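The following pair of complexes shares a single chain, chain A, combined with chain B in the former and chain C in the latter.
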Partner chain A sequence: MTAKRARNIAFTALVLIAAAIWIFPLYWALTTSLRSENRIVSDAGILMDELNFSAYIDVLSTSKLPLWYLNSVGTSLIITFLILLTGMMCAYALSQLRFPGRRALYLLVVASFMVPAPALYVAQFVLMNDLDMVNTWWGIILPQLIAPVVIIVYKQFFDAIPHEMREAVLLDGGGEFTLLFKLYLPLNWGITAALSIITFIGAWNNFFWPFLIVTSEGMMTIPVGITQVTDSFGVAYARMMALALLAAAPVIVGYLIFQKRVTEAVMISAGVKG
Partner chain B sequence: MQDTGVHLREVRKSFGAAEVIRGVDMDVRRGEFAVFVGPSGCGKSTLLRMIAGLEETTDGKIVIGDRDVTDEDPVDRGVAMVFQSYALYPHLSVYENMAFSLRLAKRPRAEIDEKVREAAGILQLIEHLDKKPGQLSGGQRQRVAIGRAIVRAPDVFLFDEPLSNLDAELRVQMRLELARLHQKLGATMIYVTHDQVEAMTLADRIFVLQGGHVQQSGAPLDLYDDPSNRFVAGFIGSPSMNFFDAVVEAQTGQGVTVRLTGQPDLPLDIVLADPPAPGTEIVLGIRPEHLAVTDGEGLRVTVDVAEELGGVSYQHGTLEGGDAVIFQQIGARHEMHGTVQTVVPEPGRAFAFDRSGTRIR
Partner chain C sequence: MSKSNRRRRELRTAALLTAPFLILFSVFFLYPTYKVIALSFTDSPLIGEGNWVGLANYVELFNDRLFYTSLWNNFYFVLLTVIPTTVIALLIALAVSRLKGRTQALVLTMFFLPYVLPVSVVTMIWSWMLDFQFGILQPLIEAVTGKPVPVFKNPYWVMPMIAVVTIWWTNGFNVLLLIAGLRNIPADLYEAAALDGATPWQRFWRVTWPLLWPVTALVLTLQLILQLKIFDQVYLLSGGGPFNQSYVVLMQMYREAFQLNNGGYASAVAMVLFVLIVVVSILQYQLLRIGGRK
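On to the complex of A and B.
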């Protein structure tokens, strides 16, 4: 056995151990969700030794899961659409239009990276409350529309499009909207898909803001809904895990379908943020 | 027929404090193939872009046909442009690239189809209509770019160095195609190039630009045979004209006798209508094909490089005083490299310029 082969085996083993560490929480959630509540708090082992679907049946029949799904899907889709649309238009203006204050505006966008979202929560909550938007979809959506990363990524891609192509459109009789929607956007479908996926996942997974702005059970998104699964004895672990897995299911399925794009998106946004 | 000529009056362009176009007046007549030629940075592309409306005109007036278009948007000027990089839309098929402007103008579907197919027919692109630009060769892409211009039926076609991205063989082929296209369409065309061979072969009229000015304009052979200054004389013609410093020795009845600096043995008689005074320092310009090898007295040239092109050869060498010189040989088969040759200018073929470069006639 050569040294190179030994190194390969060692490396593979290391990757497998890392993968096992990463997969364990998911495995544990699945195992727990398939056990009865009593068994979970007694002497249950690490192996999956029970196939009890009562937790799933319980959350599907007693909780407002379908409504939470609807809220999650609805708000996430609207957030994704609006962030992409406004981000793309803002990036186009910063990249292609010449107007006073353009550089200052771009610096402002870049600077907004430095403000962590939770720092704004109190002000945003007060604002949403004043606007009477507590317990509404818009209350969930509006504060989540700040996405400088989308603007910066789009701007970089728009900057790279040859100037002559833009001039060809102008000579062909196109204006700024034609340029954006018939040239710049179609040339960047790849990055648009990647940004859509990452924005959607971010909006779907967002817990804290919806948790603050929604108090009515009917308006909750899935991550917030999970906190509602308790019974008179306290936390119901099996039901909570079943709900968490059901909440994650669409994202996991989506990830499996668009795996390549998601990886791309993470790389791009990490590159910008890094 | 409607006048589709292009007329520029005192046109100026500044980028900040730098003035790049300094008061250009020109008239390109309807149906003419005009070529702007000049070295890099002479302002030829800027001038073309100003005609297209892609650069604002700082001062002066641009008239296309009988319309003042100085402040019009590019699309309203009746011009179409072919770019150096082709600027095709990579996500659209050849058909859609050519149909793009008509679709924006909301023309009927049948009309779009007819115009695109007609242009594709002229340019032999019919079988490529469904392909994307990425699947085409350089020459085909260039033809799509031209097709995109044709479908708009513009008054004026503008070409910005359209052949410079092609290899040498394709360039010659596309040059011929452009000349044929011009004959077929009969449209006004303005073409920018830094390649004076392209300018000479395509143009009805050449405008030689330098430093933001038109140095001279005229038919290619008029510029070649009768340049109005040293820059045009040196720029038009390949290889370039030879220039020698000389001093006027005496005035003759028809001109002057001059002596080349460092060549005291060779007095030359130049015919001039307005001869300068004896003792005036001038510059003589002689084209490579007007220097003939002789057995008698003449300029002694040490040949260091010989460019053999088959029918023609160009001998590059230096005079005894160190001046570089090129002379042409036709059909010669003897190796001149490393030899010393004696050459004399053909009578009446030398141009005289004053020290500032203006032609002395």
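On to the complex of A and C.
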């Protein structure tokens, strides 16, 4: 029995070491960001033995990072809210109402899964230009609002709600909107939270589209903005790592707080995709 | 209340509820889909009118050596990522699922964390790790090749290293799906196998592997579709170079449209990717159906 125990401990230790190696790039970025630039190019000790915040102060005061935060937070929040709202409404109709074209609409939503978003970017850029929305928040937001996965997930969850509950609300004189916002939605707060978080992370991290549609530094989102600084800093490893970690901080903290929801959302949305 | 009255109300509600999505979907998805197809038959610049040129863009495309280079690089990248990331994720998932409680949660977090990072953060960190002069991984590379290598400027190293960065970044997603798949395998199957005296090796190949296959197939096909769409990491790490060794299909679309102002030609490039991915998606659907998931 002790031999088995020892084997288990050895196994756990081995997996922990592997995980530590996996996460090492993040540790190294943090360590680098807390050193002075001179130190980095002269002595690269692997231990985090210096707590020098000058790189962070420098980055926050000289770059447009605060403005990019604002752009990222604003556009990501609006995208998340609109995707969830339009998605849940459409899913409710698909799940609970009879109307002509229902099946066709559902098939269209499922089929749109297959279209690779970047293949539409050229046409979407032309469209946004026609709408005079290049280099605006709406230019960043609008093409990102198509998220069939949200509709499909909501529909599945709405389908699963027993019909008796619905009848009870209808007997009390409630209409469809009462049903959606007072019954179906509250019953699915869990999935709403999970979908919100993963949608927000996706919007926050999107690089390609904001990179195309934004043409001035002041309009950039975080993932696009930080690539600009790289060029202007020259050799500045501590500052680059401070910048990278500041850019990633919201999603890292968000993930650590809402870990269970993120995990749940990833599994549910991928299960649907199959 | 009459039945037809109620019916009419239901229709009106349905129209109201689907309208916001339908409008967005039509304007920002269906119309661009039509538009990219239409543009691919014209010689339009990115902004402005062009002339109908029929199949000329496609003819040019299939005589364009750079296009074959980018197709090949996409294919090469798929080879470098899809199966390796699935194997690595499977090993990690098997290891993590043997752990318990807090240790398991901690280890899973460590393996998953890179997945939530923005791509440019990932590329900045790895550019630093692999920095030619001061990168902490250069001593490792030196140990193998005898000298430091500027990996993203080296034609042989560039694609494999972008693949390594990509796997590090996206692997957590696959780990998560495979762990979910492992949890769905009933424990009594393992007990029965143990009673029959099956070795761990036999247990894996006779129980785990066949029962996990639907999830493994899902991971493989999702990865295939994802990696065909590679652009961000390439653009940020190597810009398509050196000598076009990392020039991929979306890179060509981007350059034609936004740097060379060839909207029509770029649309034809986009259409090839479009068709490629739709075909793969349909194959995926069939494959998973045969796998018995639906």
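By definition in this document, the second predicted complex is superposed on the first by the 229 of 274 C-alpha atoms of A that agree within 3 Å, B and C clash if a C-alpha of one lies under 4 Å from a C-alpha of the other, contacts with A are read in each partner's own complex, and residues count from 1 in each chain.
Please note the rule applied: contacts are C-beta pairs under 8 Å (C-beta built on N, C-alpha and C of every residue); 3 or more make two chains touch, one makes a residue touch a chain.
Fair warning: this is a prediction, and the values are worked out from it, not measured in the lab.
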{"item": "Partner chain(s) touched by A:76 [first = chain B, second = chain C, both, neither]", "value": "neither"}
{"item": "Comparison of chain B and chain C by chain A residues contacted", "value": "C"}
{"item": "First (chain B), second (chain C), both or neither touched by A:167", "value": "first"}
{"item": "A:259 touches, of chain B and chain C: first, second, both or neither?", "value": "second"}
{"item": "First (chain B), second (chain C), both or neither touched by A:196", "value": "neither"}
{"item": "Touched partner set for A:186, first chain B, second chain C, both or neither", "value": "first"}
{"item": "Which superposed partner A:226 touches (first chain B, second chain C, both, neither)", "value": "second"}
{"item": "Touched partner set for A:178, first chain B, second chain C, both or neither", "value": "first"}
{"item": "Residues of chain A that lie at the interface with chain B and also at the interface with chain C", "value": "none"}
{"item": "In the complex, chain A residues that touch chain B", "value": "162, 164-165, 167-174, 178, 183, 186-187"}
{"item": "Contact footprint of chain C on chain A as seen in their complex", "value": "11-12, 15-16, 18-20, 22-23, 25-26, 28-29, 32, 40-41, 44, 46, 85-87, 89-90, 92-94, 97-99, 102, 105, 108, 112-127, 129, 142-143, 145-146, 151, 175-177, 180, 201, 204-205, 207-208, 212, 222-224, 226-227, 230, 237, 240-241, 243-245, 247-248, 251-252, 254-256, 259, 262-263, 266-267, 270-271, 273-274"}
{"item": "Chain A-touching residues of chain C, taken from the complex the two chains share", "value": "10-11, 13-15, 17-18, 20-22, 24-25, 27-29, 31-33, 35-36, 39, 46-47, 92, 95-96, 98-99, 103, 105-107, 109-114, 116-121, 124-126, 128-129, 131, 133-134, 136, 168, 173, 176-177, 180, 214, 218, 222, 225, 228-229, 231-232, 236, 250, 253-254, 257-258, 263, 266-267, 270-271, 273-274, 277-278, 281-282, 288, 293-294"}
{"item": "Touching residues (chain side chain B, partner chain A) in the complex", "value": "52-54, 73-75, 79-81, 83-85, 87, 89-91, 100-101, 104-105, 148, 152"}
